[in-house]
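We just call them A, B, C, D, E and F in the order they show up, numbering each chain from 1.
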């Protein structure tokens, strides 16, 4: 009896492998894999919010967190309206998708990579969200929240969507091919470079001279790093779009590169400063995760040892040495970690890729194909150009209508109170009264 | 010996400390406090309700110093902590009878002034 | 060799798709989907504990967290003893299940919705847990911990189990049918309304007059919101009970409604208070997640845009305006978010549901079937009546034996110290001595 | 068109169930299950880091967290180089694996338990990581970080790998057989006992006399407990290595034992101290999770009720009474929770195991097979001997080259600043200046 | 000028502040402290062990005021902070030599009394 | 009546408190502060950059006591807080005009000395 009731309710469960629209043949194992990977990638953005939030000063933690959370809101809406179709619609001149899936129309009956269309849509959505959120790392503690909202809406449309199309959606880089397994170019180079450009346009935080701009809550940052690392397994392994050996390979490469980069950072710090910091281990791990992202499904675990090691060192140099020398204020090193790590990853993919692990990939320099490195460099170059030009234009445009920075006084008092009317931590002492609704 | 107790805006601490250091004043104790006075409370919002929080974050700087330096220190703090808006804070001056340097047992003025370089 | 050893150890792994009891035929992809969704839904309760914990005052954070954790303990035990069988045992007069599965007997050989019985048991358990935990939001900072423990044990048995049976287990609402995809009525209306009743019976917190009752640690709350959102994908998509297009539809609807409600809240706040708060974004998202819960597998993504938008606005009005006017003390808005959001969700399902996306569902008002709205209203009405009557009786009964509230002095000192003998945060300064075992 | 692009990119997705190396036949549902379980088990180590981090004093939280994070780094590297092959290589005299998989060679083409080799490698890796991390609970707040790094590298090689081989990889305990479903012996006894030995060798923390050594941030600990519990579903259910009824059984047993032990702890505390603490509920839950680990796939849910109850009481006695009497300083009770809980779990498996739920298991005492208890005790004995001898030798060896403890002054100031040059929490007040690169 | 320093129970801060406001006293500085005295320590439990923590959370209120208002303020604070149980706290009175309003540079009594409305 | 204000290393609080208790001194108020003086700042590292943080964590102990006990208390604190290294801290002594026990309204010395056992 009960079984009958349930089957009435849940309808299709007795017809496994039959999609709603009568689309047959996808495997529930693969659907589960990609759908739950999407959930893991989703969690990366709250994770990033806390990772970033712990690193700013106490007075700005909520504003920092809000930048990531509003990215979830804005990009989700943008994606179902136009983002998905611009990225994965039918190719227009290798640059952008057409409007076949505007407002998600026709997705219901779509099968992508042997998955129900919605599965692919939500998985890709999570990538678009975190890409926008990463940029905030460069501009926190000073950017206007209103300007940020407009910025990410435009940036996702004008920079992310075309790039995703070019690399993954059948555009020019896809056909070259410039390999990018899980988003080294689409996600990390684009966000890191755009972050740097935004940081330069906004200018430095005002308070760096009299007081160091240091993390107020490192356990929060460590928690964020843990959630990022966890989610990254969905990010990279999930990008195999099926639960197979390739996914497992991407998984182990992801972890291997992360730990090697953390090790590299720790060693660099030890040589340079005679201390190994826990933030350093976490930052190194993120650097390694970034570096292996484009390569995860194209290289051997041994290669990912090197990708991580070099990635960790390069990011350390960028963040710990070059930034100070070049004297720009990339608040939380979105460029240092994601830009530099992503560029190295794209190049490394051109060096270490091998068809022996993924026949759908390509051979890299080490396997005798120098041309692949050139393809990768073309991808890097195009991504950088797009990010720089797009970010400059968008910010200049917004600057006409809105101030890009908060007022100096707000920056000095803190953005949590001045922008959001909230105070992150309240101790024993706080008194006040509520203002009646008016 | 006098104690100078200054209540300032938190974001001014860096500047004030820098200014005092330039004057050669390095000994001080700093506490996080909240205060109210004539400054308007800050508006906070919690799930649609607006609250007026009127104990605002301030920083208390305490400096024990010899009588001669008091006016100079007041001047430096006032200048470096001022923004001109209500809420800049206050400085209170009071008497201290004696001081002890725990490490050496020195008493009085010797406890709060720098010893000769050699001793260190 | 090694393979042989391993197969000896792990026994059944060489016989995939064969259950222990020789039950054939379920798909490992679906089993994985529902089992891992159960894990995600489990995580929602610790997430809720932190979401709530950050919003109370510092002196009550551990008590607040303890209320959710003890719900995991009490409801898990109740569920395996009698809860599961009362909810999903063979139907008795449309009201309750019989004792066929008392103490989980016969579950080993059971297949539910093409899944091994234990899979369904644990998945449903996680729903029962979080439902009880949600109620705590209305009563924290004053309810006695002993009374709370007794309350949730009785409430789960007398309110939750019958309601779950009526809606999902083959009872009267199931046959009507009143649609509830993932628990809008069973979970959210029941807990939200019961919370309000409990808050009214307990009375207000004492300290609201001289000091505002504000959050002491918003990053903790934001973290909790992130975990809730993450787990909600398991909650709603997992409720498809199979990894198919319907699950993917529920997933995208879940996210869409969440972001639209967050947007609605942000806009409402902006119009009302000229600030957008990060707690507002998080609360709005929760409102949207609640609202879409009953509808997730019955409506199109376009409909979930509207469900979220309206849900966000309604919850804002309930929490930010009506609560103050009506002057009850629903501490953390369990009623405002879950009760109001859940009622709207149930109604919205009657409006937006369409067989075009789920033939096992029904058509709603927009698709020409006005009757479905009446069915939904019947479900809402029955849930409200059951929740109100059940909660009143249970609390009055407990009140005979135990005080429902802590003493005023304990409330004033804080429940962490007085009830649990614990202090959440210790700084540099604390000295004391241990008391030897006696 | 688009489909063609995508299939070019992702290669194998159109050939489901075909591994990269042409290995056929594994089920994507099982691959998903184990791969995502690996991700869940990974998350347990950051979870443990926070669980532990919240319990130390404020001045040592980052060092405590760093010990777990560096374990991820060191053990991951060790595992891919030699750990996996020592554990799961072809058996040498029942003690250790050979070098067939040195540096992961040959893993690409390997199938283990009907899973792609990499899947099994990463799943097992996560167990090795958390085992090392657990030990840190005994030695935090005083152990030198350099000594810790060397210790875990050697310990994983000399204690963990042989034990994993003996129990799971085809060694002597495997053949006995001593049952250990998910690592009660391999993970918990080994780490708990080694922790105790290390605590005794290091000696007590200096400051216990004038100030109690109490948690500085219990919400952090509670968060960690939540993540541990969540990940434990992957740990125990994932150990079925397939998505089947056995996995579901392990899942429900896991939760049941956790809640019963939490209940047992709460009752013990109530009787002993007249309070129920939230840390007690969390600690009890961990005790129950540990206790059920070896039994999860071999016993009925009813048995896991008893396993949890007894486990909770035993751990309470060990931690709350015996430790004080015996006067050793197992800082965060790695021995009390994991050692005692693990020993009980191994014994309980010998009592409650039944082939009725898992024909690949064995019958225990309750099912007429007294011999199984002896097998289990043999396993416990061997694990204890290996842990004690291994830990003593390794620490004595390290002690020749490095101090095992930090200097007294560093212990007194705090390890965060002195070892890592970091301060976990910064409030409004901090000023300083940066030192230029040199 | 005198400084009044009151150590009270944290949960009484709201009431005390409200009472002072009614009296027209709005300037004050508040600090979180811990204190011990004759009040029994609080019992805390950590994994089965019971601890007696005897530095208990208190709140310190500091008010600098003109001599005439001292007794009145003492009375108000005493009344609004009292519960009658041990641990209600203490009030200490000491001398302040001078005060400065940082914003305006005013000294002495002027620094701590409200200026005429117009000036604001 | 005098106020003794000692700034000590945080890790010394336990010992100092224990020593004072042995002397029969139980009333005190303790505050977390940061301070600087001649002690070198602590080195902190943030993403490869080294910072010198020169406001270091200290603990402030305030004891109001009768004049006769002042020297004894100073001695005890000095002894139990000393490590011999720079940064051990200072003790400041100042006058207190009056004290009030909020619970009973007692004034002056009575407010800070233990009442007879019976009263309790």
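Note that a residue touches a chain if its C-beta (ideal position, glycine included) is under 8 Å from a C-beta of that chain, and two chains touch if they have at least 3 such contacts.
Owing to the predicted nature of the structure, the values given are computational and were not obtained by experimental measurement.
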**Asked** How many hops, at fewest, get you from subunit D to subunit E via touching chains?
**Response** 1
**Item:** Chain pair showing more contacts of the two, D-F and B-C
**Value:** D-F
**Item:** Numbering shared by both copies at the subunit F-subunit B contact, with half separating same from different
**Value:** different
**Complete:** From the listed D-F, B-C or C-E, the one duplicating D-E with over half its contact pairs the same is B-C
**Complete:** Here the gap between subunit A and subunit D, centre to centre from mean Cα coordinates and rounded to Å, is 30
**Request:** Could you tell me the distance, in whole angstrom, between the mean C-alpha positions of subunit A and subunit B?
**Result:** 44
**Request:** Can you check how far apart subunit E and subunit F are, centre to centre, with Cα atoms defining each centre and the answer in Å?
**Result:** 19
**Item:** In subunit A, residues with contacts to at least two other chains
**Value:** 27-30, 32, 36, 210-212, 214-215, 217, 223, 227, 273, 275, 277, 279, 320-321, 324, 420-423, 427-434, 437
**Message:** Touching at least two other chains at once: which residues of subunit F meet that condition?
**Reply:** 13-14, 17, 30-32, 34, 43-46, 49-51, 53, 55, 94-95
**Item:** Partner subunit A, residues of subunit D touching it in the complex
**Value:** 1-3, 5-14, 16-21, 23, 27-32, 35-36, 38-39, 42-43, 45-47, 49-50, 53, 61-63, 65-66, 69-70, 72-73, 76-77, 80, 103-104, 108, 116-119, 121-122, 125, 145, 217, 220, 223, 227, 419-428, 430-434, 436-437
**Request:** Over in the complex, which subunit B residues touch subunit F? Could you list them?
**Result:** 3, 17, 26-31, 64, 94-103, 105, 111-112, 114, 120
**Prompt:** Tell me, which parts of subunit B touch subunit C in their complex?
**Reply:** 43-51, 53
**Prompt:** Mind pulling up the subunit B residues that touch subunit A in the complex?
**Reply:** 11, 13-15, 17-18, 34, 41-46, 49-55
**Item:** Touching residues (chain side subunit C, partner subunit E) in the complex
**Value:** 207, 209-211, 412-413, 417, 420-423, 429-435, 437
